[in-house]
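In the two complexes that follow, subunit A is the common piece, with subunit B as its partner first and subunit C second.
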Partner chain A sequence: MQLAKKAFRHELTSVILPLVILFLALIVSSPGFLSAYNITSQLQSITIYMIIGLAQMTALSLGHLNLAIGSIGSLTSILMGYSMQEMGVPVLPALLIGLVVATICGFFQGLLITRSRISPFIISLALLSIYKGIGVVISRGVPFDGLPDAIKLFNRAKAGVVPVTFFVALATAIMVYIIFRYSKTGLRVEATGANPRAALYSGIQVKSTVVIGHSLSGLLCGIAAIIQTARFGSAQISVGDDWMLTSFVVAVLGGTLLSGGKASTVGAVLGSVLMVLINNALILWNVNTYMFPAILGIVLLSAYEVDRGRLNLIKRQSELEIDNEK
Partner chain B sequence: MKNSNQRTMISQVKESGILSPLIIVAILLTVMLILKPNYLAATNVFVLVKVLTITAMVGFSQMIIMAIGGLNISVGAIGALSAIIAGGAMDRLGVPAFSALIIGILVGVACGVVNGLLIYRAGGVGPAFFLITLATASLFQGINLTITSGNPYYGIDSKFMAYGDTQLFGLPLSFFYMLLVGLLIWFMFSKLAIGRQFLAFGANPKAAELYGISKFRVVLYASIIAALVAAIAGMIAMIRIKTAQPNMGSDWMLLSFAAPLIGGTKLNGGKVNVAGCLLGAIALTIISNGLVHLAVDVFWNTLIYGTVILLSVMVDQFNLAGMLRRKR
Partner chain C sequence: MKKIIVVLLIIALAGTALYANGNSDTQSETTGSDREFVEKYPEIAYGPVDGKSMKDYKFGFSFGGIADYANPVEGMANMAASELGIPDITIQTPQNWVQNEQNQKLDGLIASGMKGIFMMTSEPTAGNEQINKMVDAGIFIVTMGGPPALPSKSTLTLATDVYQSAYDATIIVIEAIGKKGNVVGLSGSLNDTNTQKRFKGIEDACANYPDVTLLQLVGDISSAESSMTKVGDLLAARGSEIDGLVAMDYYAAFATAAYMLENDNYDHIKAVGIDSDDKVIEAIKAGKMVGTMSQNPWAQAYISMYTLKMLADGWTYKDGQPAVVDSGSYLIDASTVDDYEPMVIGETMKMMQTWTDRFDPPAGR
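Then we have the complex of A and B:
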């Protein structure tokens, strides 16, 4: 019992437990689940979900939201497509352009948040339209589908059943983990998210920390955009269409505190796996696709509920310990 | 307010905080009238008013939640779900027009109850609003899609259209409903205890609670009233396009924030401006209608909307009205 309670208090339990149950249920119920084709395709989905989950987690740990995640992805994809197809830029420089564009998008968001006194939510909401709008104006709604073969090859390359893009995502996650766990920047971001005023008084450059955090969030959107573009085989405006909700679900499932001040990289990675398994289960169990948004909503609501239950337990436990010491 | 009769009209306008949105609307109208001298012809005004009605209602709905310091991502999802269930009741079940209207509005109220209870359970302040309504928006949209499989309902009772499409003084009746709703909201915030409690809670939730204002009541009632207004907006939108479209409210989120923000309502809560919200909606309507009139490529719309929101909030930051006052 004591052990069970201790396990429940651990922040990753709320993602690992459903993950294991769902995984076993899928193995038992659907023989197709462990087929090479299904594993590859699920890993491809995890790749995107993981990176956008990390992007949202970075913004959340600052105590902000990034509603523009999908739009940054969309704009990045369009600009990469434009530079490759219309300007004849080679693949690698074009990808670099994409990453720079995405970082600038995040940088600009951070800059607006720190330099104006407008609520971060409104800035993010406005930029959601502005970034998407720029992409629409440039592409005129038409996808760039004459991309070099190298892009498509990048998507198709596999090591066994594991797509190469998945390794890119893992490398990205490790990078984010190192930033938050071992670098001063990560510490500053979390401190700023936990309490901006206290961070300021302890000598942290809060404004530049916010800008750096948002730039990192933008950069991650750029990486996701490159992989999604490769997956589509064309640069189009619909890259990033469902990223906003998904990115929140992944971060919340992973136990990132929504009030800011805490980033759980491992949680976000596991959250993306759980999210993809849920999607995969719905498809393998032949659930009506029109019900997916409703189920996603319920998953999100239950994740909050679990989070709250855990926080209450921790609170009660610590109160009990204080009483015992008396 | 004892010496209000001594004040000039201009200072009253300044006091009420609608000077900035008024200037924005005036500039937009002037520009449109210069570019298109017959811009305010009766036919165009009719079109403007039809769009304005929905934008203003959606803005009102968001403004009520903003008053208590929250925000609502699910405005569009609530409007669409109410319209779909009312439309489906008429199309598939042959429910008479009036009952369908009641059903639609009750659906909206039910959505509001769900939102309110969940938001209260999640803490009732700050990020709870965003997180819960993000989830419920997905939930409501999913229910909507499950019912419709993405197909619209066309069999809307013609009596239903008559509720809002009949004309009064050459304008659609729904426009006057919108004005009535605005008036009622204004009355609630300025005269009724519950409206005062909303504002007090929005300004400072902790102080309001210490003062004996029930957080549960504020969050629940505000969510219900906001959802009710969103449901009415859904009904009016259904009357306008004469079908119940599953994807109806998908572009409402941005508009719902833009109208009150341009109108001087603050996202931090504690302050509302009904007339300002209406002016904000007018400004947005003129912009969207103007883009069509000036034959601007439809691809520019998203970009322009986003820029307008950002600029209007920035203008508010620089306090246009305050600058004018100081110069005098």
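Then we have the complex of A and C:
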């Protein structure tokens, strides 16, 4: 009982509990859930969700939003495709170009936020259109589908049932975890998100921290864009079209605060798994396709309620303990 | 208040679960085995062939996104399933035209035990990689509605020849305006390679008439909202200059019909749309639009189901047969507006008469 109470107090309970329940329910109810095909497919989806969730988590921990997350991915994909197909750039340098472009996109976002007096929300919203627009101008809406085979092979490569891209996502998550858990940069980002003024008085260079945070968010979008381009087998403007809402859901499900000051890398990773499992469950249970958005909304509200209940319980227990000590 | 929210959530979830259950029960009950077999095509086996069970004939359908175009699919696919003695179709279509979303639906269908899928990709190029993955996993794939980027591992595509359809529609408009005047063309998402084909069809048709000017091509009309804005802006700004309008996208045709019905200022414009949304049909009946190019989702669904059954039975698509089979495009105008559905279903049955000629039968038959 004591152990259960202790477990319930853990901040990741609100994502781990539904995850475990859903996982067990799927094993029992759907024989196809554990098929090799399904495991590989779900891991491919988790890969993208995880990285974009981490990208959004980084911006959220600054107390900002990254609405341009999908557009950065789109522009990155287009520029990689253009460099490989139209300019004949080899694969690895092209991927490097993609990562640099995505980081610059994030850097520019951070720079505008810190140098202008415009609201970060407006800047992000404007960049969403600008980055997408540049991508449309370059591609004219036509996908780059003559990419080298290495790109497609990267998507198809597997170790057993685990796609290689999933290992890339895991390595990325570990990198982000180390940044937020052990580096001064991570601590500065969270401190800036929690209270920029207090962070400034503590000697933190808030403006450069914001720029670094957004650059990291951009870099993560670039990694996701590479994997998404490989999955599509082509570079196209629609890469990232479904990222924005998903990235928020993954980060928030994982316990990242919308108000800033707190990043939960493990939470975002688990949030991505939960999101993918929910989608998989709805299909495997043959839920009417028209019901999906409503159900996802209910699940989000439920997760929020569970977390609120957990926090209330902790608060009541603490008060009780204080009363007992008195 | 909190308790009320929690109770409401529980009720909503329970309701959803019951609904979902009911849905799946209905689907599993209506297998073809207890239905009367209509022996229309005796060369195609009824029910499972030797060594196969009903599980080998579980087929799914996924359209690229939710659209009225796919409305006839379920009825026609289940009609074919009934005639073939196989389970009814299972449908999973993404809410939005987003390939990632559709990939999850398709992967879920396969995890649910589907052995064949007929589908339209959300995006022709990105969807092709998913098709490759499914075919490599041993799933039979037939595409419909619009072809994926070619070459593709899909066995075949049943689709409208979008270039020809746009070309024909433009000719009808040009004839209606007396072969003289200004024409505008509207089409859908710029991501869709079919948009370029449609624009080319409109351009080529206009180029045949020296007194016809192609005033403007407007693309990226890919949602109800954007269609109302773009078509509204176009008509407001250049309505008086436009003599003919070709709307080769579902939403563009819908918005055109809506504005033509609501506003008498555009009565001088001769417009031809695409597909058969109620609004478009209403505009044709009211004499506000010349007509619409009906595609044939009836044939695409019905013939796709037959094709999947044949592939599961061991038939193979002959070498040299086209990757894309034109399922036809028919003008619905004032003279045919009341009976176009029986007409296209009739055309479907005509196509089916010679369908098996395109395939090699299974060994030993």
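Following the convention adopted for this analysis, the second predicted complex is superposed on the first by the 301 of 326 C-alpha atoms of A that agree within 3 Å, B and C clash if a C-alpha of one lies under 4 Å from a C-alpha of the other, contacts with A are read in each partner's own complex, and residues count from 1 in each chain.
Just so we're on the same page, a residue touches a chain if its C-beta (ideal position, glycine included) is under 8 Å from a C-beta of that chain, and two chains touch if they have at least 3 such contacts.
Small disclaimer: the values here were computed from a predicted structure and weren't measured.
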Task = Considering only the touch criterion stated at the top, classify A:301 as touching first (subunit B), second (subunit C), both, or neither.
result = both
Partner chain in contact with A:141 - subunit B first, subunit C second, else both or neither = both
Task = Look at A:253 in the shared chain and tell me whether it touches subunit B only, subunit C only, both, or neither; answer first, second, both or neither.
result = neither
Inquiry  = Just to be sure I read the superposition right, which of the two partners does A:78 touch: subunit B = first, subunit C = second, or both, or neither?
reply    = neither
Ask   = Looking at the overlay, what does A:288 touch: subunit B (first), subunit C (second), both, or neither?
value = both
Message = Just to be sure I read the superposition right, which of the two partners does A:212 touch: subunit B = first, subunit C = second, or both, or neither?
response = neither
Key: Partner chain in contact with A:41 - subunit B first, subunit C second, else both or neither   = second
Ask   = In the superposed arrangement, does A:116 touch subunit B (first), subunit C (second), both or neither?
value = first
Task = Give one of first, second, both or neither to describe whether A:130 is in contact with subunit B, with subunit C, with both, or with none.
result = first
Request  = Identify the overlap between the subunit B-contacting and the subunit C-contacting residues of subunit A.
outcome  = 136, 140-141, 288, 290-295, 298, 301
Request  = Show which residues of subunit C lie in contact with subunit A when the two form their complex.
outcome  = 2, 5-6, 9, 12-13, 16, 19-20, 23-24, 27, 66, 90-96, 98-101, 103-105, 107-113, 123, 125-126, 128-129, 132-133, 137, 149, 189-191, 193, 195-196, 219-220
Key: List of subunit A residues in touch with subunit C within their complex   = 30-33, 35, 37-38, 41-42, 45, 48, 136, 140-143, 145, 152, 155-156, 228, 231-234, 236-238, 241-242, 276, 279-280, 282-295, 298, 301-302, 305
Message = Under the stated contact criterion, what part of subunit A meets subunit B in this complex?
response = 65, 112, 116-119, 121-123, 125-134, 136-137, 140-141, 245, 248, 252, 258-259, 288, 290-298, 300-301, 304, 308
Key: In the complex with subunit A, residue positions of subunit B that touch it   = 71, 118, 121-122, 126-127, 130-132, 134-143, 145-146, 148-150, 253-254, 257, 261, 267-268, 297, 299-307, 309-310, 313-314, 317
